[in-house]
Each structure stands twice: as C-alpha cells, then as structure tokens.
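Order as written gives the chain letters A, B, C, D and E; numbering starts at 1 within each chain.
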C-alpha cells in the first residue's frame, strides 16, 4: 500500500458497466515524508468517506478490486484507509 | 486507473484466439495536468465508443480483463471510461 | 498491451514443469514511433507464428497466461498478436 | 520478493472492511547491499513479529494477499519473512 | 520473463506459513547483452537446481506462484528455467 493525498475528482458519464456508482478520486502518491512521488492516479474510494486534501493509503493492482463491494470490477487502485498518524519506529 | 488520450489504432490479423473482435487503440497516459507521461500503450476499448483524441481513463493489469465481455482474455490495459471533467478538490 | 519487436530466442533445457513446449522469444518493447523503450523481455509466443524481426504486441502480468493453451503456466509476458499496421487517429 | 527494513507504522481508524486487525508497517525496500532503493511502502505484517529496524523480505502484488490469514484482502505488500542472513554465492 | 543471474541466497527462520521449504535465491535481472539491469530481487527456485552464478530466467507477479508445487504461496518472483543459450534472430 502507498501513502497518498486526495487532490481531485473525475466525472465520467460513459463507463464500463460494472463501474457504475463508484466514486473516483485523483490521488497523489507520497513518500513517507509526505512529499509527492510519481504520477497522480485515479482511485476508487473503498472507504466512501475520503475527503479533499485527506491523507489516505491506496492499494494497487488486483487487490484494489478486493476492497470493493463487487470484487469483479475493473479497478486497479483503491483508497482503503484514511491515515490518522504515521510514526517512525525506534529500537 | 490513469488518465490517457486516444492517439492511434492497431490493426492485427493474427491474434491470440480469445482476442478476436476486440477494438485495440493506442493511448498515451497523462499527468493530472493532462501532459503526456511515460510510454503509449495498446488498450482494448471496453466502453466501445472512445473516439480519436478523446480523454479517457484506463485500467491496467488483471483488472483490465474484468472490463471485457469475456473475462478470460489476454488484455492488460482497457479503456473503462470517457472523462467529462477533471476537477481539483479544495477544502 | 505494448508494441514490441522479436529480436532473439532463448534455449532452456531445465524448465518449470508446466513450461514444456512453450516457444520463448526475446522481444524489445517499442514506443509508438517504434523506437526501443526499456529492457527486452522473454515472452512466450501465443500466436505460434511470430518470426524474427516481426512487429508484435505483447501482454504482461497475469493476462499473459490467459493467452496460452494451458492457463496455469508461469508466464508473465506473451506475444498475442502480429501487427499489420499502426495508424494515428485524427479528429 | 524484495529485501526491506521496517521503518515506521501507520495508524488508520477508517479502513476497508476486510483490513480490520491487520498490522500495517512502513518498510523501505533495499538493494542487496542493504542500501535504500525506491520509495517506502505500507506493508501488512504476515509474520506478525517484525520489529522496528528489522531486516525483512516483502512480497508484492496479488501474492501479498496469499500471505494473510484471509486471502481476500486488499493488500498489495506483505512482510513474509525476517532475514537471518544474506550471503553471496560463489562458484 | 526476464534473464537474470543467481548471485546470492537468503536465510530466514521466521517466514509466512506457506513459505516453508522454499529455496530463496537473490537474482540480478539482466539486459539481453547480459548486463545488470535494475535491482536484485529475492526469487523462489522453481526448478530446484539453479546454482551460483547460473544464467536463468525468472517470472514475476502472480505467475511466479504458478511455478511452485503449491500455487497458493506468497511468491512474486520465481526462477522457471536455466538458460542454455540466448541467440539473436536474423531474417
């Protein structure tokens, strides 16, 4: 999973059949210092309450579909959690 | 999923058996500022109405096949939506 | 899927059980201008007629196995079509 | 699989349903010389005993879920082993 | 699949349950000119006879597990063949 920030939304009327009703957000992946890393992607919101600017973590590839109510969806990135805190571990 | 633009088409007579009838388009992945990012890929058109120059979003890997009428196809990128609007979220 | 050119072949006597009989070719992924892009990979030939120097398109990840006669094979790249033409779309 | 070091932890109250109870750690992928390589990722701890600073190896993509008690989880990176030693092979 | 060379081994006592008994080797992916390309990864040895320094080809992602005796293992890279020869194709 990867840390990311919600930065936008996508509106699409024409979609593959099994994508109807999914909330699609644009998220920017982040480093652990919460700096942008790589390209923004379009992710389905599996927690259904990720808001603008929120720090989340996303899952990619086949596992993204496992987060959705219907597992057989063409979704390759999903928001699966809203981050409360990121902490450094020390021995 | 990733934003992309339809930039070309591929004609192929010899194909794997279960790829017959699929519409294959060349799409250029884009950043959220809609600038080209990375290499163009060949994607199957799951919405069956993506036109030249159109702004779409594509899905990759195993999920692409979930977008097709027959799920057991060797397809790793599919167009799953035509974008009407991309908006920035503000708190 | 990605455009690629057939550039070599791999001979291997010792192979995982379910890979026996697969034709393994080295292919160089290409940009849409047909320039080399990234590293060459070893792909199984699912159309069984890709020749030396030929322009093909390949599929990656789990979908590659979907192109093979036996789906349960450890194959992550397969040649799934021979390209006749690549054309630019214009509005 | 990839060598990695445990460098932090993620606290998230709001999560996808089937992620409850998973221990989420931030891990930094390493080269074989044990130098940082690429971005840190959030991984579920499948061995349930990886501690701070520990050298582990992680698995990505769909296979990560295979390491969890419930296979149908939206997890794309998992810690699947704690490394005792890494050795060079010599002929 | 990708060409690679066996360069080391990993010893790990604590492992995910279904990884017991797997032989884990460190392999360095190679270009077709057999030069190192990218980071070394930890791969399970599906042919069970890859030796130090040997030229092999590896498979990644979900397909790696298909090469193992038990398909439901958290393995994302596997050695699936030992290379006898790599040849250039000429028309």
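Rule of thumb we're sticking to: contacts are C-beta pairs under 8 Å (C-beta built on N, C-alpha and C of every residue); 3 or more make two chains touch, one makes a residue touch a chain.
Keep in mind that what you see is a predicted model, and the values were worked out from it rather than measured.
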Any chain that touches subunit C and subunit B: none
Neighbouring chains shared between subunit C and subunit E, ordered by label: none
Inter-chain centre distance, subunit A versus subunit C - centres from mean C-alpha coordinates, in Å: 31
Sequence positions of subunit C contacting 2 or more other chains: 61-62, 64-65
Chain ring listed from subunit C, with subunit E in second place: C, E, D, A, B
Residue ranges of subunit D touching subunit A (in the complex, touch as defined): 6-16, 18-19, 24-26, 28, 39-44, 51-53, 61-62, 64-65, 72-77
Contact set on subunit E toward subunit C in their complex: 1-3, 29, 31-32, 37-38, 46-47, 49, 57, 59-64, 66-67, 71, 78, 80-91
